[in-house]
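The following pair of complexes shares a single chain, chain A, combined with chain B in the former and chain C in the latter.
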Partner chain A sequence: MTRRRFAPLLPMAAVLICAPAPATGQSDFEGIWTSASVVPLERPAHLKGKEFYTKEEAAENAKRVLGMTSWERLGSQAPEHYNMSQYGLDLSQVKVAATLRTSLIVGPDGRVPPLTPEAQKRSAERAARNRGHQFDGPENRPLQERCIIYSTEGPPMQPSAYNSNLQIVQGTGYVAIVQEMIHSTRIIPTDGRPHLPPDICQWLGDSRGHWEGHTLVVDTTNFTDKAPFRGSTASLHLVERFTRVDDDTIIYEFTADDLATWTRPWTAQVTLARIDGPLFEFACHEGNLGIANTLKGARAAEKQ
Partner chain B sequence: MRTKLTIVLASAGLLLAAWPLRAHHSFAAEFDVHRPIKMRGTVTRLGWINPHSWIYIDVKGPDGKIVNWMIEGGSPNALLRLGFTKDALPVGSEIVVEGFQAKDGSNRGVGQSVSFADGRKLFLGGSAPGANGPEK
Partner chain C sequence: MLPVSCTRGAFAGVLFAAGISLAQPAIYKAPRTADGKPDLNGIWQALNTANWDIRGHAAAPGPLFQLGATGAIPPGLGVVEGDDIPYLPEAAAKQKENSANRLALDPEVKCYLPGVPRATYMPYPFQIVQSDKHILISYEYASAVRIVNMEAPKKAPIDSWMGWSNGHWDGETLVIDVTGLNDQTWFDRAGNFHSDALHVTERYTARSPDTLTYEALIEDPKVFSRPWKMSMILYRHLEPHAQLLEFKCVEFVEELMYGPLRKKPGK
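Showing the complex of A and B:
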């Protein structure tokens, strides 16, 4: 393992394209990458108005975040949870791309925009429906607990608590993205074909890619209400932009737009750092004893 | 600026909620914080499966009776990256498990911390960064 643990600090406000382009003229995104980050999605209140750290501040923030214990990272789950670092799952044990950003969300605010009144009502109704029924059966459990999709695998792709690993493969007319957590492969046609008919909804939406210079732009629609992204609806329109900035770094940016959910579109930027492979199979459903055990625990609690 | 930043960072607890901390499932729903376990046992089988590995151990109770327990741990993917393979924990190994028992009272628990009988932490003997450092 000769790779540095941290990718070089990048001045994100002024990204330079210096990655070599293959013979096709398209940038080469192939490889295994991690989205692991020491920066939260939303900017902490005390950094309001400050979009970038200085280099020294960024290093200090990384040191602080990587210095947290696994119990601190787990927050409310800490008492019953296993020791993350003992199992190699702690953020301090993986490569993390350095960044000067103070939040993944770009712009002076750095926060997810307020929910529309319609979205607030929808969210309250959803919570009311589920209240007291969280353990009725497997259908009441979160999608990731059921090994259907992981909450951060996207689109849009976000750093996860662990295993933020993905692989990008390019072929003629297609780009594919494999997520280790939980197992999904997103196949993105880049041949100009239209989106699926609007009445077809998919867990990962329907992605279409095209090239704008060296940047791969992916447009995704046809989401499902069953997998809301921060309260979004099936009308979510997502645009992702992949830009290779050096041999070991991709800047991945997404803009989420759903007027039924947020008062305005919002954009976040994640740094993907190259890591050594391989990506391992994650046969989640086949080995998912946790869902049955969780329901057994609920049935036992009801008898008390 | 440095002083100001240090003061702000001292309140790190206020920032924790901002990080993506979701685990694969709710441990609090599966295990009972009021039922801590600490047991010594002999490995009988390894369930080298995702999303969680499972270690099966035979534990001798105070009455001399042997009971088989299932211990839940982290994903094999991460353990492989530490250089820890299934062969590194052979059947017959004696280990000590600390954690919490399942809420339904069955012989199942979470392996919050797992050690070999001589005190070495399981898994951390591999190539993990900080493997020989203080436990986090």
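Showing the complex of A and C:
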């Protein structure tokens, strides 16, 4: 339970070294990891064209971001019922992997590509449907508030505002990824089997893995259209690549492709840092007073 | 009775094939993982009706007549040794009350995490992912999961729905000591229950390539007058490309739990 570890933010050499391989000959990803990051998904406007910081700039950025509360980082108002510092939820209290990246999205642009006209229309229609109905019933609330899936648990896995913890266990023919928040397990077969038939759609999609040298490559399809990832459709095709670069670091890269949503595929890279465990049980739904109270509040307000 | 040494290894198969009955089953030696431990990797499921009632029970109508035969309770011989759960007197009364109000009180109805050992014999598969360092048990129902600590036993850091699991190998058997369980889960739909003093000792033993013997010793002095045990067989899913699918049931219970709080038409 010693998650509260201050990691020295040493810029990491971009040289990939061979990870120690277990008897199976596959890279060993076992352990508990955090995807916590001091770098945003999209590159800030003032860093346009600059994909990497210098070591000094990276250290300066890390210092600045670690000095912020989670809510300052997210640019949102702090809810009064969370004491972020008491529960170790601020970034300054967790281990954060070092990186020279200025955005998780790779490439010269560093931004999510423009939405296609079709996707813009879909997104506008979705917003219009929910406008004025945000408190009508549970299905109008966000998926994470309903304790169905958390927006950053993925796939693709992204750093969350807090609790970006996951555990990997490798059994014969499988790699399992357990997300602490709000608890899910993705078991990825690596035996070359085909994807599920297209009529079986799942919140986390359907993942198949294979090895390319020391890199685990995971191909995910069969997404549901009920959980759009930044506006995506059920035809989202995701490719993730996991590469161990030293004992305590995994480079996790994902490429999202959905021609119905983006004008081109795009790729982001997250550095996972090893942390001490254990993962805790996140029994979200079992303690979900929030959704009932939100709806009760809305009904009470209607009577006034 | 044969000497134990005769019951090990390939010879045991010969004895069974010859129809020789043994008071204790011969010790089957499972294939090994890279580090020499019995390999329990696989997708497993109980084929019994313990989730309806861990004690022996005849078929019965379900709580909702509208469901007809699809909602009826299938019969079963039970999985409790001696078919006797040694409830303390007050606890026996509470079990009856639970059973009478099971639609309102059974945590499964609300898609809550099932606890241990109930997760094992719910009518859904679960998968064991076993490495040389960790054992993960992932259940299809409600994405429930346990990560078994195979290193030095640790005290449960906090009570939880699925508890804290310390595991070790006892020869051919994976023994998991489960503590830190809260008092919110049941053993079955019949209202059999426990307190937060529950201590479960599970034993998983391969008995053939595709079956495991599962035993759960139940100790809870707040509810039972003595320890008691359930045991059953778990079967491997052998279908080509068998896999766990999602059963994230929260959305299926929202109308039940939050329907009355929904905005009324015209308001």
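Criterion: the second predicted complex is superposed on the first by the 279 of 304 C-alpha atoms of A that agree within 3 Å, B and C clash if a C-alpha of one lies under 4 Å from a C-alpha of the other, contacts with A are read in each partner's own complex, and residues count from 1 in each chain.
Note that in this section a residue touches a chain if its C-beta (ideal position, glycine included) is under 8 Å from a C-beta of that chain, and two chains touch if they have at least 3 such contacts.
Just so it is clear, the model here is predicted, and its values are computed rather than measured.
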If touched residues of chain A are counted for chain B and for chain C, the larger one: B
Partner chain(s) touched by A:Pro159 [first = chain B, second = chain C, both, neither]: first
Partner chain in contact with A:Glu60 - chain B first, chain C second, else both or neither: first
Chain B versus chain C as contact partner of A:His46, first or second or both or neither: first
Chain B versus chain C as contact partner of A:Arg299, first or second or both or neither: both
First, second, both or neither for A:Ala283, with chain B first and chain C second: both
First (chain B), second (chain C), both or neither touched by A:Ile291: both
Touching partner for A:Phe135 - first (chain B), second (chain C), both, neither: both
Which superposed partner A:Cys147 touches (first chain B, second chain C, both, neither): both
Shared chain A surface residues [contacts with chain B and with chain C]: 1, 135, 147, 280-281, 283, 286, 291, 296, 298-299
Residues of chain C defined as touching chain A within the complex: 33-35, 39, 41, 111-113, 127-136, 138, 143, 145, 147, 149, 157-158, 160-162, 184, 241, 243-246, 248, 250-251, 254, 257-259, 261-263, 267
Touching residues (chain side chain A, partner chain B) in the complex: 1, 5, 40-42, 44, 46, 54, 56-57, 60-61, 64-65, 68-70, 72-77, 79-90, 92-93, 135, 141-142, 144-145, 147, 151-152, 158-163, 180, 182, 280-284, 286-291, 293-294, 296-301
Touching residues on chain B, where the partner in the complex is chain A: 1-2, 5, 8-9, 11-12, 14-33, 47, 49-52, 54, 72-82, 84, 99-100, 102-106, 108, 110-114, 121-124, 127-130, 135-136
Touching residues (chain side chain A, partner chain C) in the complex: 1, 22-24, 30, 133, 135-139, 146-149, 167, 169-174, 176, 178, 183-185, 187, 189, 193-194, 196, 200, 202-204, 278-281, 283, 285-286, 291-292, 295-296, 298-299, 302
